[in-house]
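Order as written gives the chain letters A, B, C and D; numbering starts at 1 within each chain.
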Amino acid sequence: MARNKFEFEEPYLLLESKLEDLKKLSEQLNTDFSEEINHIEKRLDQMMEERYKRLTPWEQVLLARDLDRPMTRDYIRLLCSDFIELHGDRVYGDDLAMVGGIGMMGGRAVTIIGHQKGRNTKENISHNFGMPRPEGYRKAYRLLKQAEKFGRPVLTFINTPGADPGIGAEERGQAWAISEMLCGLSSLRVPIISVVTGEGGSGGALALAVADRIVMLSNTVFSVISPESCASILMRDVKRADEMAGHLKMNAQALYEMRIVDEVIEEPARQYLLDSPDFVEKLKNTINNYLDELGSLEISKLLEQRYSRFRQIGQFLE
Amino acid sequence: MFKKSYIDISGAKKKQAKFENEVTFSCPKCLTRITATEKMQNNDFCPKCSYYYVTSAWDRIHDVCDENSFEEWNAHIKSLNPLNFPNYEKKMIKAREETGLTEAIVTGRGSIGGYDVVLGAMDSRFMMGSMGSAVGEKISRAMEKAIQYSLPCIMFSSSGGARMQEGMLSLMQMAKTSASVGRLREAGLLYISILTHPTTGGVTASFASLADVIIAESGALVGFTGPRVIEQTTGHVLPPGFQRSEYLLKHGMVDLVQPRAEMRSLLIRLLNIHQGENYGEK
Amino acid sequence: MARNKFEFEEPYLLLESKLEDLKKLSEQLNTDFSEEINHIEKRLDQMMEERYKRLTPWEQVLLARDLDRPMTRDYIRLLCSDFIELHGDRVYGDDLAMVGGIGMMGGRAVTIIGHQKGRNTKENISHNFGMPRPEGYRKAYRLLKQAEKFGRPVLTFINTPGADPGIGAEERGQAWAISEMLCGLSSLRVPIISVVTGEGGSGGALALAVADRIVMLSNTVFSVISPESCASILMRDVKRADEMAGHLKMNAQALYEMRIVDEVIEEPARQYLLDSPDFVEKLKNTINNYLDELGSLEISKLLEQRYSRFRQIGQFLE
Amino acid sequence: MFKKSYIDISGAKKKQAKFENEVTFSCPKCLTRITATEKMQNNDFCPKCSYYYVTSAWDRIHDVCDENSFEEWNAHIKSLNPLNFPNYEKKMIKAREETGLTEAIVTGRGSIGGYDVVLGAMDSRFMMGSMGSAVGEKISRAMEKAIQYSLPCIMFSSSGGARMQEGMLSLMQMAKTSASVGRLREAGLLYISILTHPTTGGVTASFASLADVIIAESGALVGFTGPRVIEQTTGHVLPPGFQRSEYLLKHGMVDLVQPRAEMRSLLIRLLNIHQGENYGEK
C-alpha cells in the first residue's frame, strides 16, 4: 500500500505518470525503452526516499495523521498470538475511540490499550475520529488496575487528535478522567511502554504516555497543542500552522533530542509499515527488550525511576 | 498462579462434535422444531418466538468442563424454612423433584482445557434460581476453596434475585457473597462471572457483577430491577433490547458478549492468558 | 410534633376530640369537669402508649415509612458540632437521595452517609423519594474510600424504599454500583456503624448496612422485599401486604432475635424522636460506645470480625 | 496529622473587617461602581455585566492565610525559552512587569486559622495562568515539601492550560504534577483543590482535579475544552451555566461551591476535621 496523497509527493508522482505514458507509447510503437525507463524509475525511487528524509515538520504532521497508518488493532494483531478485547468502564459506556484488552505476546501476558481511529467516514464516526470520551479513559483505567492486579506489563499505542471536545465529554468530567489516568499510571506497579504510532494530540494522548519508556515512530508527532490551534491563537491565522509545527518541536526526532522520548523507530518510506519486515522486527525487538529490561527491576525501583523520569522534565532558571 | 495440566485451545470443537447425534426439540410456545446444535447456537432461545429453553446447571458445567473432570462440592447443603414462611417447603420439594437438584446452584472443582478451576452454576429451574442461605453458603464456600487452592473462580449466574421466603437471611447472602469476592480480590485470584438469561436483583447486585472479567451470554436479560417492575413503576415503555447483553456491552457493564457455543473456548483463552505471573511483586 | 395519621390511632383520636368538645361545652356551661377530663386524658395517653407496644408488623411498616421521622440530615445536625456535606461521584452526577460528608462528633472526626427523603412532594421529587441512583452509591463509595484514607470511622443512616427502579438507573449500572458498595464496605479499614432510621428497603438499603454494628430503631423495618411486592408476587394480591409483613420478619425486634442486628433502640411513642431527651441520649451513647469499642481493635481483627459477622448469616441443613 | 497551633473558627470575619475602608472599583466594561466588599461578595464578578475582576495570587493568599504567616518558596524560579519560541521572552517580560510576579503561581507555607499548610495560588494575569516548566516545578516542589513536613496541601487554580510556548515540556508538567499528587496520596496527606475563574485545559486535567476535596469558587468557569472551542468544533449552542461551578456540582465533579468571601472559614473547618487520625492503621 503506497501513500500517494501528500502535496510534496506531487512532482515525483507526475514524473511517475509520465513514465507510464512513455511505456505505453513505446509499446504502441513496438520499440523498447525499458532500460532507460528502469533507470529513471530507480532514480525516482531514490529521489523520493531522499525527499522522505528531508520532510518538514508540517509534512510529518500530515504523515502522522494519515489514516492509512496501522492503528492499535493492527499492532495488536501483529504482536499477539491471542488477544481478547475487553469492554466498558462499568459506569457509563464503552468508548470505541479507546480499545484495550489482554493478550499473549511471545509467551508473555500483556495488557494493551490504545486509541483507535477509523479508516473511512463510517468507521471514523463510530470510533469518534480517535478522540476518547471520559468513558474511554475510565475503561483504560479499569484495565490498568487489572494489569496491576495480575502483574501484567502494559503497552499503550497513541494516535489521537486529542480528547473529545464535546458537551457530553465535559458533562461527564473529561478533565477528571484524564487526570486520574496520569496519576494512576504514575504509580502503577507494572512496567509500562508507550508507542506513539501517529498523532500524539495533547492531554488526550498524554493520558496514555505516562510510561517507563516512550517510543515514537519516525513520522509521528506529539504536541501540547495542534499547530492549527496554536497558529489561530497566537497568529490569528490558521494558515500559519506549518510554521507553528516547526516552532512547537513536535516531531519524533526533536522530542528525542529533548529527551522526552527514549527511542525513534525509523519508518520505511512510502510503504505500509507492517509490510516492512525490517520495521516489524525493529518494533518487536524494541518492545521486548524494554520489557525484559524493566521486568528485571524491583517494583519500587521501577516506580522510583518512573517518577524521576517525569519529575525532571522542564527547563527553568533558578 | 494455578496448576496447568495441558492446553487445549481447540476446546470448543469437542462440544460441537457432541451434538452430532442431533436430538431435536419442539418449542413449547410456537412448536417450531430445532436440533440440539441449532438450539445451542441460538443460546437456547427459540429462533422464531424467543422462547427460552432453560439451560440447567449441569448443562453449563458439561458445556465448559473437560470430560469427567468436575467434582461437586457441598451437594448435601439444603435450605431450611427459618421464617416458617407459608408454602416454602412445598415449593422446595417440588423444585427438588423437578430438577433433581438440592438447591439452585451446583458448585465444585473441575478443569477447563486442562486448567483447574473452581466453578459454580446456578439453575433457574430451581425456584427461579433465587439465592437463599444455602445458595449463598455454597458460593462463599466455593470462593474460600478457590483461595485455599489458589485457583481461578468461575460463576455462571441465572437468578431472579434473593429468595424472599428466607427474608433478611436471603438479603444478607448478598453481603456474604460480596465479602467473599473481597477475599478473592485480596488473594489476587482471577474471578470470571458469566451472566446468563435471566439474571436480576440480588445476584446481579452482588457477586455476579464483582468479577475481573464479566461475560454476558448472547441475548441474556441482565439487570437489577426486572423489566416488568420498571414498566409498572415508571409507566415508561422500555426501549428495544433493554437489559439484554448487547445493551449491557454498549453501556459499559460487561467485557464481552459471547454465544453459549463458544463459551468454553473463550474461558480456555482467558485462563491461558491468566495462567502465569510475569511481573509479580518483588 | 405528634403523629396523627395512622389508622390504628383513630379510635383514640376520636376519643381525644370528644374530650375537647367536652372541655368547650363545660366552659360554655361554666362548670368544671377538669378533674374528670384530666383523668380520662391520662388514661387515654396510657392506652395509646400501650397500643404502641402492641403494634402489628404492618403497623410498624407504616411507622417506619412516616415522612415525619427524622432523616439523615436531622441526625447529622443532632450529632455533629460541625459537618460539611460533600457532593458528587466524580463521574456522572450528584444524587440527592444519598447525602454524605464529614464532621466532628464530640471531638471525633467521622464520615456520615445516609439516605435522604423529602418531607413534602417537592422535596421528595428532588430527593427521588430517598431512592438512590447509581451515582448515589458511587458518591458514597468515594466518601468511604476517603474515610479509609484518613482513618475516619463511618456512620450510615438507612431509610429508603430501595434503589431507584428506573431506566436510567439500569443504564448506568445500578447493580454494579450496589455490589461495589457491598464489597467495598466489607473490607474498609475503619469501623462502620449502621443505624436503620426508617425503611430498610432491600439491596438499596443493604448497600449501607455492611457494618460492624447494625442498630435499628424500634419502629423501623429491614426487608428483602417490600410486603406489597411480596404479596403481589406470591399471592397475586397486593392487599395481603399486611399479612406478608408478618411472614417476612422484617421489624426491628424480629431481626434482633434473628441476630441480624445488634441492638434495638426504643422509640418514644407519638413524639418526634429528636424531641425526646431519653431517645437522643440512648442513640448518642450507643454510637459512641460502639465507636470506642471498635476503635480499640486492631484493623485486621476488625476486618476478621466483620467478615465472620456476615459469613455466618444463613440457616441450612448440611 | 499536622501541627495545630490554635483554632480560629471565626476566621472569615477577620477578612470582612479588612474591607471597611471601602475602596471602590469601576467596571472596565460597563462602568458600574462597586465597593471592595461588594466585589468580594460577588466573587469578583461585576454584578451587572459579569465582567471578571481578576483576583491575584497574593489576594488569594491574603484572603485565606493568617496575617503575616505566609512564607514564599522558590520565588526565584523563572521560565526559560527552551524551544526558542517566537515572542515568548517578550511576553514573559511584559507579564512580569504587569504583575510583579516571576511566574504564574506563588507557592509557599502559611497558616490558616492556626493550621500550618503548604499553599499554592495561580495568577491568571500572568500569561493566562498557563503552566510551563517553572509552574510545574513549583507545584511539584511544594507537594514534595508537604510530604517532607507532613502538611496538608492547598492549591488555588486559575489557568488557561499548558503553556504552548514550551511545547511538550509544558504538556509533561501535567504528568509531573499528577505524579506528585500520587506521592501526596501515598503519604496519606490531605490535598484540597480550589478551582477559580477560569480554569481549563491541562491544569484542570492534572493536579487540580486530583484532590481529596475539590471546591469550586462560585460562578467560576472550569472545564477541559474551553467553551469557544466547543462551540466552534461541535456547532452546538452551549446550555446556560455550562461549565460554571454550579453545573460542575450538579454533574458530580466538585464537592462544594463556595463564595470567595467564605473560603477561609471553609478551609479552617476542613483542616479542623482533618487534623487528627482517629483510627489509623494499628
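One rule holds for everything that comes next: a contact is a pair of C-beta atoms (placed from the backbone, for glycine too) under 8 Å apart; a residue touches a chain by one contact, two chains touch by 3 or more.
Computed from a prediction, not measured in an experiment: that's the story for all the values here.
Asks: Chains touching subunit A and subunit D alike, please list them.
Replies: C
Asks: Hey, which chain ends up farthest from subunit C, C-alpha centres compared?
Replies: Of all chains, A has its centre farthest from that of subunit C.
Asks: Using mean CA coordinates as chain centres, what's the gap between subunit B and subunit D in Å?
Replies: Here subunit B and subunit D have centroids separated by 51 Å.
Asks: Roughly how many whole angstrom separate the Cα centroids of subunit A and subunit B?
Replies: 41
Asks: If you average the CA atoms of subunit A and of subunit C, how many Å lie between those two points?
Replies: Chain centres of subunit A and subunit C, defined by C-alpha means, are spaced 55 Å apart.
Asks: Two or more other chains in contact with one residue: find those residues in subunit B.
Replies: Answer for subunit B, listing residues that touch two or more other chains: 185, 251-253.
Asks: Tell me, which residues of subunit A touch at least two other chains?
Replies: 90-92, 172-173, 176
Asks: For the complex, give me every residue of subunit A touching subunit B.
Replies: 82, 84-94, 102-104, 108-109, 135, 139, 146, 149-153, 189-191, 295, 298-299
Asks: Under the definition above, what is the set of subunit C residues touching subunit A in their complex?
Replies: 90-92, 134, 138, 172-173, 176
Asks: Quick check: in the complex, which residue numbers of subunit B touch subunit C?
Replies: Contact set of subunit B toward subunit C: 76-80, 82-83, 85-87, 132-134, 136-137, 140, 162-164, 166-176, 178-183, 185-186, 201-202, 204-210, 223-225, 229-230, 233-234, 236, 238-239, 242-243, 251-253.
Asks: Please output the residues of subunit B touching subunit A within their complex, sorted ascending.
Replies: Spelled out, the residues of subunit B in touch with subunit A are 185, 188, 190, 212-213, 249-256, 266, 269-270, 272-282.
Asks: Under the definition above, what is the set of subunit C residues touching subunit B in their complex?
Replies: 163, 165-167, 169-176, 178-180, 182-183, 186-187, 202-203, 206, 209-210, 222-225, 229-230, 233-234, 247-250, 255, 258, 260, 306-307, 310-311, 313-318
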